[in-house]
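For reference, the structures are reproduced in the following blocks.
Shared chain: subunit A. Partners: subunit B in the first complex, subunit C in the second.
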Partner chain A sequence: MLRYIIKRVLSMIPSLILTSIMVFLMVHLIPGDPAITMLGDSATEESIEQMREEMGLNQPLVNQYFIWMGKVVHGDLGDSIFQNKSVMATIADRAETSVLLGVMAMILIVLISLPIGIIAAVKVNTWLDQGISSLAMFLASVPAFWLGLNLMLLFSVKLGWLPTSGFPSVFRSGDWSNLRYLILPSISIALPNTALIIRMTRSSMLDVIKEDYVRTARSKGLTENAVYIKHVFRNSLIAVVSSLGFVFASLISGTVVTESVFSLPGVGQLLVSSIMLRDYPVIQGVILIIALVFMIINLLVDISYAKIDPRIRYTSAK
Partner chain B sequence: MKKSKKFRFLSSVMMAVMLLTLMASPFAIAAEEEPTVLRVAVENEPNTLDNQVVTNDCASTIGQHIFETLYTYDEDYNAVPLLAESDETLEDGKVVKITLRQGVTFHNGKEMTAEDVYASLTRWLEYGSRSSQMREYIDSIEVEDAYTITLNFKQPYSPWKNLFAFINGGPAIYPKEVAEAATQEPISEDQYIGTGPYCFVEHEQARYFKLEKYEDYAARDEEAEGLSGDRTGQMDEIDFIPVANASTRINGLLAGDYDYVRIATSDMYEDLSANKDVVVSINKGTKMPLMFFNSKAGIFKDNYKLRQAVLTALDMEEIMSIAVGPEELWDLNGSINPEWNMFYSEEGIDTWNQADPEKAQQMAEEAGYQGEPIVILINNTQQLHVDICTVIAQQLESAGFNVDAQRLDAAAQQAKRADETQWDIHFTHHIFSPEPIIYNWMNAGYAGWWDTEEKRDLVSKYVAETDPEKQAKIWSDIQALTYEQIPVIKTGDCYEFDVYSVRLTGLDERVPLWPCFWRVTLA
Partner chain C sequence: MFNLLRKRKVAIVASVFLIAVLICGIFAPLISTFDPNETHGKDRLSTINSTYWLGTDNYGRDIFSRIIYGTRMSLVGSLGIVVFAVVLGVLLGVVAGYLRSAQMVIMRLADVLMAFPPLLLAMMLMAIMGSGVFNVVIAIGAYYMTRMIRIIYSLTLKIKEETYIEAMHAQGASTLRIILRHIVPNLVSPIIVQATFTFSSALLQMAALDFLGLGIPPQYPTWGNMLSEGSRFMTRAPWMVVIPGLVIVLTVLSINIMGDLLRDNIDPKFRDIVKGT
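Showing the complex of A and B:
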């Protein structure tokens, strides 16, 4: 297992290098110039040129890439052009919101979608199954901004139970009640994803139900509940966990629309504002970190397979 | 062992449910904010509050509470002293002596003197966003004594006072150490030290700018009026909270999370005007949507007739009614400055709003137009620009023009319009300026590059004239030339509106260009 993990970690390196090249090229090739953005329309050509020189933007693209990568391999993602601090510190400021929001949304997704998905599979082709499928389709089709604004209107404006927007830091203030700011955003991003996991749980369980060992379990006289929970659900978890892993990685990497609707200081908003300003180091740093997060979560998901299904053994290829 | 696993699983689920229930409970909601904190939801988050080098309106709104200028504007937008005590014009306007107020302190406790003003003006003249024109005219600045500075111009230059009153990209006064160390890059947040009624405390990215009342603020004796007079702060703290989404800002106001909301969208105007819990305040400063023509290259270069053909095709009433909406939020005004301002003029505006596509087509043919694509650069992050340009493109196409409307984000539009070979028209807006000479098309270095001999002659006469009435007459001539050579076409005047809680008092009926909150109290 350890050897497998080491191998997987090493295989991340070429993926990250490829990501870094792609993001660097995309960022530098889209029209826009941070020097002009910073100095404004009234700046003279000389001052813009001087600023570009100071930012190192006048060097050949290849040199710029290697200078940046040279820092990255030492753990330094550079400094934000506009925020007067390091890219790492900038991302760290926003990570709190995105991670907490992602975790809260994931708790909701798991608590809602797994039981409902199991019920849909157990009651397959009944009115309950049809109803759950219709609800799941509806939830998957609802736009995040529409859902978010309506939740806000109901729970904040009409009922006054929850704040409309913003998120004061929990870690800086030590006030965990600030998590209430994330309740509506987490519901509005959880519900559409819930639909995905419900459908995934249902279809995986229906696949497993057809297996011989399920018939054997039934013929041994096990109760239906024992058959579904111990044999069907557990064996259908691999596909579900894979989807949950992907959803979780997407959630903590930033949810642009929800962050915008609820004015949350998350990674998604940071990425969008950095793109608008052409804050090259921040864009590159955020995308690199997001890629890394996806890779790590994928690895964790793969490792979890062995825990879910003891038949899976990770050995190095011979 | 199995029981223990099950128990752990059930406990975890129960814990999660309890945690969520607790968080959802209304009992978890924290106590209401202190009454002495004013929460202002603003439309964007400026990268810097260094008002000398930034023209972002939001930076001016926040920054004017921290930094002050030598002059400011009264309710009618006349420049009146703020940090200055008085001034004297000598040698027919070539020399200006400004006496400063005594006893004014910066937020670091140090008294403001002529040395600070000298350093601030020097930095602004070198790098300021709106200093390029004055730079050509200024010869030197001298410190006469601790409270007197002298401006020596190469030739008489009358707009100086208005420029010194305009905080947006204007000469905010910083401590000498800050100004001397500053370059073209914005100053850092630890150097936000001004003389204003509020001190900068903290900026948490994407969360807030926190300002605290400056207890030792040296207020003017005159009664508060517009941005002028006594600026003593009433609230202990002002939090400016960036909330990009207008619906969220308004929901936040209605839910009591914010007290004041900058800039709602026009589709909300009717509902909000009917809501008794809030006050709708239309901004007094007009916003002019503008089409800039490329005078340096392309089909409009020196081709005034073709530009006039474009103007002839446009139906401004249709543009403004479709793009802006409620009639209270726009005016059909072809004059560059609004009717209540001393620079209002009807010179040249008879060619504005003709809405005649047939005549336009004929004029375009006479001007040698043969269906070449006309590239219009549009900033797609400004919904008003997109909406107006959609109508403009349709109207121009009806008159036979071949329009290539390119929607780009702000940074791409800015970069592209710096290259004269990439565009024919770029679309933007200006806010009203009490000093019209600082509008961007008057700056030959601004994208559009209007720089004809006739313009230069009139500008020279304008800046040298010290009699306001004669100066207004020269501005009328500049407006007439603007309609003849058409460096720019405005589509009318539109007005943004802010919304605030009925609990607030101390605000003007119509908010100024950049709303100020030092007089505000919260019931």
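Showing the complex of A and C:
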């Protein structure tokens, strides 16, 4: 197992380097002087000159990359043009909302789609199964932000059950009931993403049902429920875990859009407003951090996948 | 195709709907009742009535006409993304699969692009390129191109092993001839299936980008930017949000139904690869 993890971590390095190069080049691809790009149009002549010196703009591009990278590994992503803060601090302020939102959405996805997928597999080829697959298809066609708007219309505006927008920090106030601000946003991210897991659960359960050991379990007199829960479901989880990487990708996209719908002070909204304001240091920082988080999530998915299913470890260790 | 449709009734409904959408897009000036950008100061935010079939927005623009015209941008944009993804994806995928020397570079590039969630990649590219219709197509298309590269790459590897390709080699056929005459024709049906799903998810991504205000410039009505404007007046005029959204959902759903139908009837040899991505 350790060998597999080491191998998998090492395989991340080229991607990490290439990703950082891409984010680095971003500022240079934008037309105009990179120093002005990083400081905004209102910068003074002196500060631009100083920035040129700092970024090493009169040195070859390769050197500039290493100067930039040296700062990044020390956690220095530069300063925001419009907020009087470092990029790191700006992102740190926003991280809580996005992380909580993502976690809540992920929990919902699992809680909703696993049971429904299991029901569809157990009742395969009945009207219930067909109804579920139609529902999954419908959910996959709904844009998360539109669902969010409709939920807001119904539950916040019409019924007044839940707050419409904003999110007061849980950690600063210590008030966990603030999580109610995230209920509608997390539902609107989760529902469109359940479709994939429902389908994966159903089809992998159906694959496992055909296996010999399931027949053995039945013939030794286990009840249907025991067969399904102990043997079929556990083994079909393997395939489900493998599709989590995809779900995380659309979870991140969903979070960005939904934060805008519900005006949540998260990283996604920060990115959108920074693009509008052309606050390039922040854009660069947010993209780098999200890409990094996404890579680490994929790493964890792969590791847990290998942990559940030893076959993966052996084939890739060869 | 006709026989396939008869087996699945929903697919008939879906294809009729899609044809209707297509007609609305092509004949938008004939079908719409108003100019989509014409403002009616007196009739702001009016509800559904006989003059304004689907109500008006905050500037008093007719929502029905804007949806009809929005069809154009939404369809043309998604189609552009599909063409971009298919052309570059197939080209790079086949080359990477067939030529060992190119494989390393192309697949590494694909890995890097895949390191970003699709919407994030699109936002990053939009931040670099600035707004504009073409830029939207490239920004969103980059992700789908990558997916296409991966699929075509693994399919090409599979086909390359077939005996008839070996036979062509033995006959002394050129690499170009083998690729164009023997590999690409075998890829057509998986490409069509993948293109269908690309179309529907590109439509959703484009709507998301428009909603965030980072997509198609606001002078062109699109389903996405209608939702974006609608969300600010939602409490007073819920139809501004509900109707364009419904159009998006129904269109995407219909395309997905057609995609499913095509996928279920694809050559079983390819099914796992197309399904797995």
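As a working rule, the second predicted complex is superposed on the first by the 250 of 318 C-alpha atoms of A that agree within 3 Å, B and C clash if a C-alpha of one lies under 4 Å from a C-alpha of the other, contacts with A are read in each partner's own complex, and residues count from 1 in each chain.
Here, a contact is a pair of C-beta atoms (placed from the backbone, for glycine too) under 8 Å apart; a residue touches a chain by one contact, two chains touch by 3 or more.
Remember, predicted model here, so these are calculated numbers, not experimental data.
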Partner chain(s) touched by A:Ile67 [first = subunit B, second = subunit C, both, neither]: neither
Partner chain(s) touched by A:Ile290 [first = subunit B, second = subunit C, both, neither]: second
Which of subunit B and subunit C A:Ile252 touches, first, second, both or neither: second
Contacts of A:Asn150 with subunit B and subunit C, given as first, second, both or neither: second
Partner chain in contact with A:Gly166 - subunit B first, subunit C second, else both or neither: first
First, second, both or neither for A:Met1, with subunit B first and subunit C second: neither
Subunit B versus subunit C, judged by how many residues of subunit A each one touches: B
Touching partner for A:Ile229 - first (subunit B), second (subunit C), both, neither: neither
Partner chain(s) touched by A:Phe262 [first = subunit B, second = subunit C, both, neither]: first
Partner chain in contact with A:Ile30 - subunit B first, subunit C second, else both or neither: both
Subunit B/subunit C common contact set on subunit A: 30, 149, 152-153, 157, 260-261, 275-276
Partner subunit C, residues of subunit A touching it in the complex: 14-15, 18-19, 22-23, 26, 29-30, 137-138, 140-146, 149-150, 152-153, 157, 248-250, 252-253, 256-257, 260-261, 271-272, 275-276, 280, 283, 287, 290-291, 294-295
Subunit A-facing residues of subunit C, complex: 108-109, 111-112, 115-120, 123-124, 126-128, 200, 204, 207-208, 211-214, 227, 230-231, 234-235, 238, 241-242, 245, 248-249, 252-253, 256-257, 260
Interface residues, subunit B side, partner subunit A - complex: 13, 16-17, 20, 23-24, 26, 28-30, 45, 47-48, 53-55, 127, 129-130, 132, 169, 184-186, 188-189, 204-207, 241-245, 247-248, 251-252, 254-257, 381, 408-412, 414-416, 418, 440, 443, 445-447
Complex interface listing, subunit A residues touching subunit B: 30-34, 36-44, 47-48, 50-51, 82-84, 90, 93-94, 107-108, 111, 149, 152-153, 156-157, 160-169, 175, 177, 179-180, 183, 260-265, 269-270, 273, 275-278
